[in-house]
Amino acid sequence: MNITTYLKGFFNGLWSLLVGMKTTLRIFFRKKTTECYPENRGTLKMFDRFRGELTLIHNENNEHKCIACGICELNCPNHTIRVVSEKITDADGKTTRVLQRYEYDLGSCMFCELCTRTCPHGALAFTPTFENAVYTRSKLVLKLNREGSKLANKK
Amino acid sequence: MKYEDFKDNEALEQLRASGTNIIMGSLDKLIDWGRSNSLWPLTFATSCCGIEYMAVGAARYDFSRFGFEVTRASPRQSDFIMVAGTIVHKMAPVLKRLYDQMAEPKYVIAMGACAISGGPFKDSYHVVNGVDTIIPVDVYMPGCPPRPEALLYALMQLQRKVKVEKFFGGVNRKEKKPEITQVID
Amino acid sequence: MIALKEKITSLVPAAAFDEAAIPTVTVAASEYKQLAQQLRNDADLQFNYLLCMTGMDFGDSLGVVILLESTTHLHQIYVKTVTADRENPYIPSVSDIWDTARINEREVFDFFGIRFTGHPDMRRLFLRNDWVGYPLRKDYDAGEALNPVPTENEDIRDTTLTYEALPDGAIAARERTVFESEEYVVNVGPQHPATHGVLHFRVSLEGETVKKVDVNCGYIHRGIEKLCEKLTYPQTLGYTDRLDYLGSHQNRHALCMCIEEALGLEIPDRVKYIRTIMDELQRLSSHLLFWSCLCMDLGALTAFFYGFRDREKVLNMMEETTGGRLIQNYNVIGGVSADIHPNLVSRIKEFLTYLPPMLKEYRDVFTGNVIAQQRMKGIGVLDTATAISYGVTGPSGRASGWACDTRKRKPYAAYDKVEFKEAVRTEGDSFARYLVRIDEIEQSLHILEQLVDNIPEGDYAVKTKPVIKLPEGCFFKSVEASRGEFGVYIESRGDKNPYRMKFRSPCLPLVDVVDMLSRDGKIADLIAIGGTLDYVVPDIDR
Amino acid sequence: MFDFSVVTKWVDDLLNGILSPTWATFIEFVLIGVCILTAYAVIALALIYIERKVCAFFQCRLGPNRVGPFGLLQSVADMFKMLIKEIIDIKHNDKFLFNLAPYVVIAASVLAFGCIPFGKGLHILDFNIGIFFLIAVSSIGVVGILLAGWSSNNKYSLIGAMRSGAQMISYELSIGLSILTIVIFAGSMQLSTIVESQANGWFLFRGHIPALIAFLVYLVAGTAETNRGPFDLPEADSELTAGYHTEYSGMHFGFFYLAEYLNLFIVAAVASTLFLGGWMPLHIPGWDGFNQIMDYIPSPLWFLGKTAVMIFIMMWFKWTFPRLRIDQLLRLEWKYLLPINLINLVLMVIIVVFKIHF
């Protein structure tokens, strides 16, 4: 190593360090990019397509569209959904399957959307909620059909 | 965030109710304030959730606002372990050991479906169905992977849990003292 | 194709030749090695790149299917060999012909219990040494009773077995030492900040100098391949996202294309464009993450945040359209799950002007930095022939002078309609690997620029049958994922679930070369090499 | 300019007036001990907060802002937690040395801390070989680190400690030589004399190029001495998990943590004392009005201000550069800094002998 390469290497190295320091200092005074959750909770809006948790869509009359066919349960790759139904015979002697409990384990859902995509009646949807952390495991197994809800009449 | 906005307050009230001690109450409050605001995570991630965990540390979400950014690579110095990702059979004893190596008080957050229940890989021959079968879990955070805000929410839930703990009063964590092991070197 | 057939039948008359898009040669185990050697060395064939090795359980027999490719002639061939003995299956090893076979044969041994004679290191690769049974065999019982969750750490052995086929047909087992008892062996991992997940290196040190590295995988082996055998095709899609989660869209793209090709589905141009755009966005996010993590590994903590700051912008774009930040879940069989979001085009355009100044910042902070350069230049040099032999693809392969970009070699989606440069460098060191990725960020921007205004009108998906059944046969399709060639191999028996689904992981070869590259370097070099190879552990372990 | 020796004198007289000399001295010891430890803790906590805020700003984020106003109480919360965190007892280690090591480290930094002149008359230890004493005691710290690494019975710790040893011994040379340059210039090793002799201009300006070079070398070597990035090899997160303090938990780790920040403060304080005039206000010969205005600013403020600037520069280093490799680290010292320093020393001697300084 001769003296010129020694010095050249030294000063080039020094220069590159100074360039780096200049850049970081510039960023030091730049506006920060942090979003302040939870302070911004009021204004925070998820993207429409974001999948937070599965819901059974209920209309204002507390009616849903699930006929308890079980296609979603069948399509779910890891048994996240359990559809409990019962057969009810009405006055005319016609037997229909009625949804009793729509169980959904939020703690094992992989959000693959196969349930919503294969549902023949469009009864399911993902909502963009994300504040779901809890202290007890059992609270993550949700019952999706609301209390007293019933099947919406087809029009 | 207001108290009512949080989920699962019932579990919190249960904790609060146990082992009240009025005299030491204010000292407890001070300690809890310190602990809850200085939760240092262990640098630990196994899969996808780990990337979201990094994203929370990065500029956009920045968990340093809460004082969580001092991620320690050594379990001895960290306060909680974020189980971010699938835990498989081969990893299970390692996780257990990491947990044992941590100093009290220590907390566990199960992040994502894999850590809660095995998630997508529930049926696999090599996946542990939920880390709560190996170590006690304080907060369950669903999602696959949970988004960064959900992670911050879970951290706040953990803070709330820490805040109702009693240092001098009753013992909330009924656990026997773990055996002492060496850091995996 | 005829030439290939003639050539092979002349070489090994006993081989059965099956013509298809990719021809298959079936040979007996006794002739397998000889055929492999000839395929590799014959001037007209030159199958120098072992793309994919799949262990198979055919029901009555066990076997191996290897997919070979020639980097000069660009032809491909499957070589299949079987052994009927399920109790003590032996197949000759080809690890001395293709280096990458070494780790792949260990994987096959781990999953199927096939022992390879002549292989230097027949240890389990993913599962624990005390694991009972071979999980990917069809008769394996996956119950908890056989293999409960262990409570004790694995007793890691310092010795390994190698099997030798004696001339009289008998098999002799010999013990070989991995680490001598007096070596100073440090465990880097499984929980270590620089292994990018749960990878376990056992490093033999002499002071600061690394003497030997033994890779111990499997701390995130989730058994995806076995899971897929029980799932229907649409259900398997979700699992590809979770292999290499930084290339989730690309992985899924490969699987979708493989299934679509097998079904003979015609994919609309719009879908191809959308998929290409999302692929490139994914590549951007992955490379930005690579940059961040490398900087962090080398101790430049601030740079990590710059990379993530810009990556968030990419994630925003993807999330708005696909609904997922990391796990995209966007490709479906026959198209994509939803049309692109109306904002996507404008967001991409905004990003195209946003990123270049940031790239300059990267240069100032890290690329040009004398410390960073000295830590990467000349460190971990991988030459072209070795890279091919080890099957090191992607940016790491290209840094070694191997033009291995699948987008150029086997164009898919809309890659034949765009113009871009394949970033190839010849130095083969860590710095070259780093620069290739920086170049690829620029090329990705360039591709996006060409595509974003020209997305053709049309459907975003074609209708498929409710139950998808693939015709009988084997199918392979590969894409250029962020870390290399990601391939999907499906063996179908005409059912609604695959008989065997194998993912060609781009990261497995990467972790395989760590030992070779980091020998006689410093501990810090090991970190730099690991960082620039940029493997994702769940992709290795699957 | 207010002289703090008035206050100390007053306290001394008061105590001697009402107590026997032995008791008075004893109480003075206790008082000073309490003061120094309080100052130590407060400065360390403040520095931890500042570091976290500064690094956040370099990284386009906000940093702690939820605990107390602007997150000011963040490090206080950390302290509370650390104080009651379990101290794990480890099997198969050298118990005595393992428990001793953090105290050695903290004692070394407290001793060094005691030498620093905070303001006019605000001095704890001031004797004729002050700077020599400071160098000597601050190097005790490395013993603590080596002990910690050795006694932990952990391979990472051992590698970290060995790195630290190599690093400290090398960079001690540069620190010593660059300080020697200034000692030649000042003609004294007493810190108060060094500060006093900068009344007409700081050494950085008066000493021509050699002083500037010595300053830069001192900055680099000082950063290395504190084990901070880009020289944080002994605890390199991504290589050795936590280096020599991997096995330490609770307050024992807290001592290492505090000592790291205090060493940062000490290095910065010494830099400002030697090169930037310590507590001496900025005086420009001839500008009497300006000098008088400068004198109105209390001397501790001057000192802390200069130290703060130095600390910021060292944080700036840490948050910009990647970590060096061990061979680069040693090459930088032995091939660049040491030769430069030696030449610089000769230059300084020439300048002093021929009196060509300001």
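When the chains are written out, they are named A, B, C and D in that same order, and each has its own residue count from 1.
Note that contacts are C-beta pairs under 8 Å (C-beta built on N, C-alpha and C of every residue); 3 or more make two chains touch, one makes a residue touch a chain.
The model shown is predicted, which means the values in this text are computed figures rather than measured ones.
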item: Chain pair with more C-beta contacts, B-D versus C-D; value: B-D
item: Gap in Å, rounded to a whole number, between the CA centres of chain D and chain C; value: 50
item: Whole-Å gap between the CA centroids of chain B and chain D; value: 36
item: Cα-centroid distance, chain B relative to chain C, in whole angstrom; value: 33
item: Chain centre separation (chain A, chain B; CA means) in Å; value: 21
item: Overlap residues in chain C, where contacts from two or more other chains coincide; value: 186-187, 192-193, 238-239, 302, 304-306, 309, 312, 327, 365-366, 369, 371
item: Chain D: positions in contact with at least two other chains; value: 58-62, 155-156, 237, 241, 319-321
item: Chain B, residues touching no fewer than two other chains; value: 43, 58-60, 62, 65, 73, 120-121, 123, 144, 147, 185
item: Chain contact graph, described as a line, ring, star, complete graph or other shape; value: complete
item: Touch list for chain A against partner chain B, complex; value: 32-38, 41, 44, 46, 50, 52-53, 77-79, 105-111, 130-137, 139-140
item: Complex interface listing, chain B residues touching chain D; value: 30-31, 33-35, 37-38, 43, 58-59, 62, 64-67, 69-70, 72-74, 76-77, 79, 101, 103-105, 167, 180-183, 185
item: Chain C-touching residues of chain B, taken from the complex the two chains share; value: 43-48, 50-52, 54-55, 58-60, 73, 75, 85-86, 88-94, 96-98, 120-121, 123-128, 133-134, 144-145, 147, 184-185
item: Residues of chain A defined as touching chain C within the complex; value: 12-14, 16-17, 19-20, 22-24, 27, 33, 47, 49-51, 75, 77, 110-114, 117-118, 126
item: Touch list for chain A against partner chain D, complex; value: 10, 17, 20-21, 23-25, 27-28, 30, 32-34, 36
